[in-house]
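Below are structures written as structure tokens.
What follows is subunit A paired twice: with subunit B in the first complex and subunit C in the second.
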Partner chain A sequence: MTLNITNVAVLVVLGLFATGFYGLLAVRNLIKVVVALQILVKGAMVALVAAGNLTGQLQAAQSMALTVIVADTIVAVVALALAVQVRRCIGTLDIKALTSLKR
Partner chain B sequence: MAATLLILSIAIPWFGALVVWLAGDARPRLQHGLAVAFSVLAGAVAVALLPFSSSQILLSIPVGGAFGDFTFAADGLGVFLAVVATVVGSLAVIFSVGYMRGEQQLGRYYALVLFFIGAMVGLVLTTNLLLIFFFWEITALCSYALISFYNDDPKAVAGGIKALIITQLGGVGLLLGALMIFSYTGSFDLRDFIAQAGNIPQTALAVMAFGFLAAAAAKSAQFPFQTWLPDAMEAPTPISALIHAATMVNAGVYLLVRFYPAFAEVPGWRTAVMLVGMLSALLTAIMAMVATDLKRALAYSTVSQLGYMVYAVGAGGLFASQFHLMSHSVFKALLFLSAGAVIHGVGTRDMRLMGGLGQKMPFTRAVFVIGALALAGLPILNGFWSKELVLEAGLVGGPLWMWVVMLVGAGLTACYTFRMVWMVFYGQPRAKLHAHEAGAAMKTALAPLAAGTLLTWLLAGPFSKLLESTLPLHALESHSTLHYLEEVALAPATLIAMVVIALGLAAWWQRARLQGLVNALSGVARAAADSFGFEAINRGIVRATQNSAENLRVTQTGLVSWNIFGIMAGLVLVLVILLLGA
Partner chain C sequence: MWHVLASLGILVCAIQAIRSQRLLMSALWLAGTSALVSLLLYLLGAPEVAVIELSVGAGLVTVLFVFAINIAGEEAIHLRSPLPRVLTWVTVIAATVLVGWMVFPGMAMPASVPVAEPSFTTTLWVDRRVDVLLQVVLIFSGVLGVLGLLSEGRAGAQKESRQ
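Here is the complex of A and B:
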């Protein structure tokens, strides 16, 4: 396997995806869940740019990536605000405590 | 211009729904006024759309590759039903001003009614199968929410849920058919499909045809799903008139007519359609004979008359079915609304407690009798001409024995209609009821419908011209009104039908002498009161749905990690499918 830019990108994407998914599956702290989500989205973003490079539409991919950065930041801000509220209302950041809709 | 009108006919009711809802329940007068204004405006726009009807696509909104363009066309079939939905809708809203005075939560009521009217117009004007499904489901949702409007009444809630589940079952058939059509034709436009139907393999076409028949039967409360409609009578009466008599229940018939050119050649489909219509018409006519609740009796007669329309579609009488649909929408809305005036006046729906109300409510009696004469099919009201055309179409396009059964149904219709009129308005009062005549708003809604019942048959010629000129794929032929009148008046079948209807009337007149026969048939009456056992089937469907939903709750753990796991499993599944497909 040659060490060209595409292969590096694929490796980075796989690494970020694995980290993100592992975090989402295993972590129970709400703040860490938000961090894991951010890592996952960064992986998707690298994949987007790499795909744009491959198909020769790098500009389009880069502008998409910028859009994702904006949207992603908003997601992070809202999620953290929710986390603060959860901590205030329930007293814990453990996501296992967040099952009140089920009852 | 035409495209603007088309958009407005959907957008005005929907915008009105939002405005009425935002007006707030603290200002009921404003809510009444806004609802009437928006619904009447929508009616005017839909009528203004009539001259623009053509077979061409009027409006096409590109939404990317996956869904096809969102296309709308104002052909005769669609515009006609849009006019029915908005005009009857505005009359029902005007009636509601009197009927719902002093009720709580008018915002919810009017918002749902207006939301429904817009969705119904969208359903009949779009030619995109996905949009048809989308609007179809909105109408079902509004129907459910309005049946359960009195949501502290367990019967109303149960009726609403039953209607929702049964019509959703049909909606699944529609979605399956639509997706199959997409996979075979590569387009969601129903015109493409109808034009290319001949190229689709016979088996696949048969699956679509019967899927659509199931959807239509569930929506139009046809055999074997006919029991949700009587239970839907817990809704406020203007809702029964609008949704469960004049508009939404016609959607099934509309679907069958719309796709008739594609499915007519499927072996057995037309017979199945006729059979569904015939069984619905006959069974519910018998049930109406023994019903004691005024609104339930009317609901049974609605199913029965829808059965006539479905039967006509199966027999190839598309114009007859649509003409009967027009007559039925008008006279059944009239009957329901005047029944609403009665119920509002006396405070009960039980016909056994009524009687002799005619003296106290002369206006209501007059309009109810006009509607009843049309329902019974007596000349020269609109129900007479359209029912005779349906029977004639059945004689030409269907087997003789079915025609005879439909004739018997017509006789039964006459009999139960007169039983109904008699029990409510004539004879001696059977209970001390304080009746009062309908108010001004109610009369304003009833008078145009009564006039329509007397006159809409004059539109036979222009209506057939409209359908013929804008539905090229349906291969219809149009005639002048005079031709239709002559055709009906001179056909020997009409004479036979009149004799049967007269027999039905005579049977009610001489009911005392027929007591022996009535006693002999008491078994049938008991079975009819028990809805011939089909209630059990429908209840089984509802219970199975609710049980499986309850069991599926296990999958909703409420834990984020499990949801992530589900998403990942889905991702892997999609990747595997893509790998295999490639």
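Here is the complex of A and C:
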């Protein structure tokens, strides 16, 4: 396998996916879970653009990647707001402490 | 050559963002990941998305993280992960192999003939206008989320000042 840019981009996609997925499974801090989710979504975005590069449809890939960026940012904003609320209500960011929905 | 360096940097920054014990350092490593991802996107021939990723991913999201960490407080959790370590690694490796198994056959296909595409502006505003509408709705949701965060901060500050 040659190290051209598309192959390298696919390897980056796999690396980002593995790192983000590991973070989602192994991390107990709520804010770090959001960090892991961001890494996972960056992998998806690179995959979209690499696919566009490979098929010669870069403009369509770019517009889809733009939607991914917007959705990812909104998810981060809402998730961080929720993390702050959880910290205020429960006093910790440990996801193991989220055993109840009551205040 | 640049794409290999950028890719190595992306992976190092992403792993450090997960490994770092301090939340602030984690957010900064994530910003580095975003900046290098934008460089890779530029090298892949997508400059518009690269600029947006640089400004939103490395700029706005990092500011939001620092803001949230400032409000919630730096709390490094050194406890064990919720899943057994072996199960975590097996799940991650299995999922990554599955994704690679789906992606790599597509890489072996012969390179397609470049299609005469409309410009990015036409593609975004005409061909994918439903996506743009969805983005507007999402942005309004995000604004409401930020307002909720800010108003909660104000309520908390008022409560503290009363005490």
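Note that the second predicted complex is superposed on the first by the 100 of 103 C-alpha atoms of A that agree within 3 Å, B and C clash if a C-alpha of one lies under 4 Å from a C-alpha of the other, contacts with A are read in each partner's own complex, and residues count from 1 in each chain.
Convention: a residue touches a chain if its C-beta (ideal position, glycine included) is under 8 Å from a C-beta of that chain, and two chains touch if they have at least 3 such contacts.
These numbers come from a predicted model, not from an experiment.
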Using the superposition on chain A described above, determine whether A:T67 touches subunit B (first), subunit C (second), both, or neither. second
Please work out whether A:V33 is in contact with subunit B alone, subunit C alone, both, or neither, and reply first, second, both or neither. first
Does subunit B (first) or subunit C (second) touch A:L54, or do both, or does neither? second
Which of subunit B and subunit C A:I95 touches, first, second, both or neither: both
First (subunit B), second (subunit C), both or neither touched by A:F21: both
Which touches a greater number of subunit A residues, subunit B or subunit C? C
In subunit A, both subunit B and subunit C touch residues 21, 25-26, 28, 95-96
Show which residues of subunit B lie in contact with subunit A when the two form their complex. 556-561, 564-565, 568
Subunit A residues touching subunit C - in the complex, by the definition given at the top: 3, 5-23, 25-29, 31-32, 34-36, 38-39, 42, 45-47, 49-67, 69-74, 76-78, 80-81, 83-85, 87-88, 92-96
Subunit B partner, complex, touching residues on subunit A are 21, 24-26, 28, 33, 95-96, 98-102
Report the residues of subunit C in contact with subunit A in the complex, numbered from low to high. 3-4, 7, 10-11, 14-15, 17-18, 23, 26-27, 30, 33-34, 37, 40-41, 43-46, 48-49, 52-53, 56-57, 60-61, 64-65, 67-69, 71-73, 75-77, 79, 81-83, 85, 88-89, 91-93, 95-96, 99-100, 103-104, 106-107, 109, 111-115, 117-120, 123-124, 127-128, 131, 134-135, 138-139, 141-142, 145-146, 148-149, 152-153, 156
